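What follows is chain A paired twice: with chain B in the first complex and chain C in the second.
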Partner chain A sequence: MRRLLNTLYVTTQGAYLAKDGEAVAVRVEQETRLRVPLHGLGGVVCFGLVSASPPLLAACAEQDIGVSFLSEHGRFLASVRGPVSGNVLLRREQYRRADQPEARALLCGCFVQGKIINARTVLRRFLRDHGDSADAPAIASAASSMADMLDRVARATTEEQIRGIEGEAASLYFGVFDGLILTRTRDFTFTTRSRRPPLDPVNCLLSFVYTLLAHDVRSALETVGLDPQVGFLHRDRPGRPSLALDVMEEFRHWLADRLVLSLVNRGQLNPKDFKRSGSGGVVLADDARKDVLVAWQKRKQEEVLHPFLDERMPIGLLAHTQAMLLARHLRGELDAYPPFLWK
Partner chain B sequence: MLMLITYDVNTEDREGKTRLRRVAKLCLDYGQRVQLSVFECEVDPGQWETLRHKLVSTIAPEKDSLRFYRLGRDGKRRVEHVGIKEPVDLEGPLVV
Partner chain C sequence: MYPESDLLPVSALQHLIYCPRQCALIHIEQVWDDNVHTALGNILHERVDRPGMERRRGVRTEFGVPLRSLALGLAGRADAVEFAADGPCPVEYKQGRPKRHGADHIQLCAQAMCLEEMTGRAVPLGVLFYATTRKRQTVELDEHLRRQVRETAMALHALVATGITPRPEPGPKCKGCSLADRCRPGTFAQGGRSAARYLAQARRAVRDEDARPGARDNVPDGIPDSVPKGTRDGARDIDMPPAPRPPHPPRQEDD
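Moving on to the complex of A and B:
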């Protein structure tokens, strides 16, 4: 099985990444803070004023190490990838399916089913652990409505119908999301999803973790030779990694949202870990950002059972596994794409 | 798997010093220096064959020596560090 490769996150402003032998050296004011051999790395994510030498970028491109540049607060800016690798026949098939309404609808259905099933599991898990919460009745009714939505997705024939149900499920889920926040409810409240910019700490955390997830999913798709920009559920838009957003749907709630909830509910973040930026948005303070990155990396090392493959694997490898299963579906080896279902 | 590599390179002559630099550089390409002349490298079997071959062909066997310790897949657990200069866990979260 594939080894879980590590991701290097550079948040120190003014840092310079250089190639030192077959390793990346993170230098801050001429001093090497960290040196990591390239062979153990799967990605490098840079926040804000971080620069990298061309020889390093070339070495990363050659070894399939995705380098992403984000703004200081985690908005995606650019990424550096090597020449497109993988099988051109696979990509051609991806484009062909993306042009066929039935094939699109089939894949939209798979992504949305995965998303709703996992959202429902998140809610039901909450009810199991905190059944006495004041919001439990609302959460229970949201969870049971999601069961109906799953039937409707299974019967839907067009992608528009599926998108509609996905929207309903998302608003239902975020409608009860505030109930999942247990502690410090006065500091951390959730009313509605806001982004670009996120307007409160919880939305700020969600957006930040979604960006990290998007980096990982995008890299995984590129590694198996799929084009991350040509999606099925998300329509084409210049610069948008639509396929990465499609595959992310099944991960958002159980992986990203639950990480945010556990950081908040365990009191690992305080209101003073957030700052208001000039544009009225809320951003993470430097130390808190590091805490979130560490929590994210640790979560990726936890093992889960992949129900379709019946194999235990670190969470960090799931994006690769799902990209591989999607490629197998496009090659005709699997009748449908099996989303990852969290148990 | 985690490999521990130690070496003695005779540096009485100029070639010896070159060999010492080369051996250290090779180890650094695959892992990190944990003490003087002691390196830990997390490698897969293929990478290990490459690294081993490069190391063996760099030293002069009549003057230098290399020692390889195989710590295995869960090698990290078999290591305890006491005192200064605790090395970075390259498998753990890397946030600078």
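Moving on to the complex of A and C:
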């Protein structure tokens, strides 16, 4: 069984990562603050002014440890990988399928069904726990409209129809999202999704956690030999990791959004954790970012039952599992792509 | 005669005999996971993989000897070759104890046939050394074994040329396989799980939960029962040029 490997997140500005024997040494001002064995490490994510030595990068590449560099606020900048992994035949098949309308529609349908089923489960879980909320009727009606949309996706034959339904489902979901925020104060409210830049703390948190999720999904796709840029639901656009975004759809609401909601609803973050720039964009303060990273790492260690494989596994392994299932579909061993369905 | 660019690893013969899917996962899909058996094998081979030589009682032994045969289309390394006065003799170190399937013998014989092609000398005998029993077993490399080597090598080239990984055929061998997690014999065997059915069941569960009686029965699935026809055509040529690697993006959107 594949082990869940840790991700090392480095947020200390000015840190330098070096190879120290079979470990990563994190140095700040010549002083070694931390040593982490490479064995057991699945990825390294560096925020802002963090640098790494070439021997360390080489060792990570050789051992399949992805190293990503993000801006101080979590925007993806670059990643260092070893030689192209996996095999060219699989990527060829991925490209061929991406060019076939039928195969595209089939995969779009799978991604979107996964997304809608999981979004609906998020709403129903809320109703189960907070049925007395003032927003409950609106949320219940959104959940039941999603059930209709699911059947429409299953009947749809073109990717355009499916994209249209996905858009409807997303606006329905974000239309009631504010109701899922339980804090009595109005410091955290949600009106609409904004991302470039996020204009309020909730959007800032969503964007940050989506970046973490994208890092994991992208690495997983590359590990099984798929090209993260050639997607099915998301159209090709230079610089866009379309396939990573496709596979993220089934994870966004139940994994990322619920993490944001629980941080906010449990009062683990407060308005002082956010900085507003002159332009109105909102960014996370350093300490709060660490809190989010710790919560994310903890969530990934929780075990879930994979309903398709009928096997328990840590949440942190799901991205790899889904990438593997997608690769096996492209290789012709599965009649469709089975999204992870959260129960 | 195979060109040098088409040579496959001698070790792939063993993988093919053990399981065609395992062989394809390793040599077509290029995946590898260690388990306890393979890790022990690695430790055992640390000594013998280092090229070098020693001389004892007039027999010169070379370690980590590179080998190839253009006739078989194979290349690899012998753990050791003893060069005695009467000719070279390959020695293969094996984890565990002698096994019933003939894979070890075939690998040894393939090494001998490589040695014959490269040195021009006959190699009638080889040696298997088993770590658990610590016994040398001398193997006579007869025509029957040689025919098996030639047939297995041809089957290996045919498999790799298709570029298609065969479906799993679950069996007792899956228990000891380090790739079982990648292979997932239960899920991907012929007649294994269907993702279309899994999604259809999930939709039915949603409909039942939503419980609006009689509203929506008989909704067609929209998902065909099989993989679209012809989608694997053309995936047969192993010598295709590598796809160009797109440059890494300057930045990544979050959604």
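In the analysis below, the second predicted complex is superposed on the first by the 339 of 343 C-alpha atoms of A that agree within 3 Å, B and C clash if a C-alpha of one lies under 4 Å from a C-alpha of the other, contacts with A are read in each partner's own complex, and residues count from 1 in each chain.
The rule we apply is simple: a residue touches a chain if its C-beta (ideal position, glycine included) is under 8 Å from a C-beta of that chain, and two chains touch if they have at least 3 such contacts.
Since this is a predicted model, take the numbers as computed values, not measurements.
J.: So which one touches more of the residues on chain A, chain B or chain C?
T.: Between chain B and chain C, C touches the greater number of residues in chain A.
J.: Given the touch rule stated above, what does A:Gly175 touch, chain B (first), chain C (second), both, or neither?
T.: neither
J.: Of the two partner chains, chain B (first) and chain C (second), which one does A:Leu8 touch, if any: first, second, both, or neither?
T.: The answer is first: A:Leu8 touches chain B but not chain C.
J.: What is the contact status of A:Pro314 with respect to chain B (first) and chain C (second): first, second, both, or neither?
T.: neither
J.: Applying the touch criterion given at the start, work out whether A:Thr157 contacts chain B, chain C, both or neither, answering first, second, both or neither.
T.: In the superposed model, A:Thr157 contacts chain C only, not chain B.
J.: Flag every residue of chain A that touches chain C in the complex, lowest number first.
T.: Residues of chain A touching chain C: 1-2, 75-79, 84-93, 95-97, 100, 102-103, 106, 109-110, 113, 117, 120, 124, 144, 147, 150-151, 153-157, 195-196, 207, 210-211, 214, 218, 225, 227, 229, 238-241, 245, 248, 252, 307-309, 324-325, 328-329, 331-339, 341.
J.: Contact residues on chain C for chain A in the complex?
T.: Residues 28-31, 33, 163-165, 167, 181-182, 184, 187-188, 193-196, 198-200, 202-203, 206-207, 209-210, 216, 219-228, 231-232, 234-235, 238, 240, 242-243, 245-246, 248-255.
J.: Residues of chain B touching chain A in their complex?
T.: 25, 28-32, 41-44, 47, 88, 90-96
J.: Report the residues of chain A in contact with chain B in the complex, numbered from low to high.
T.: 3, 6-12, 15, 20-23, 26, 28, 33-37, 39-40, 290, 293-294, 296-298
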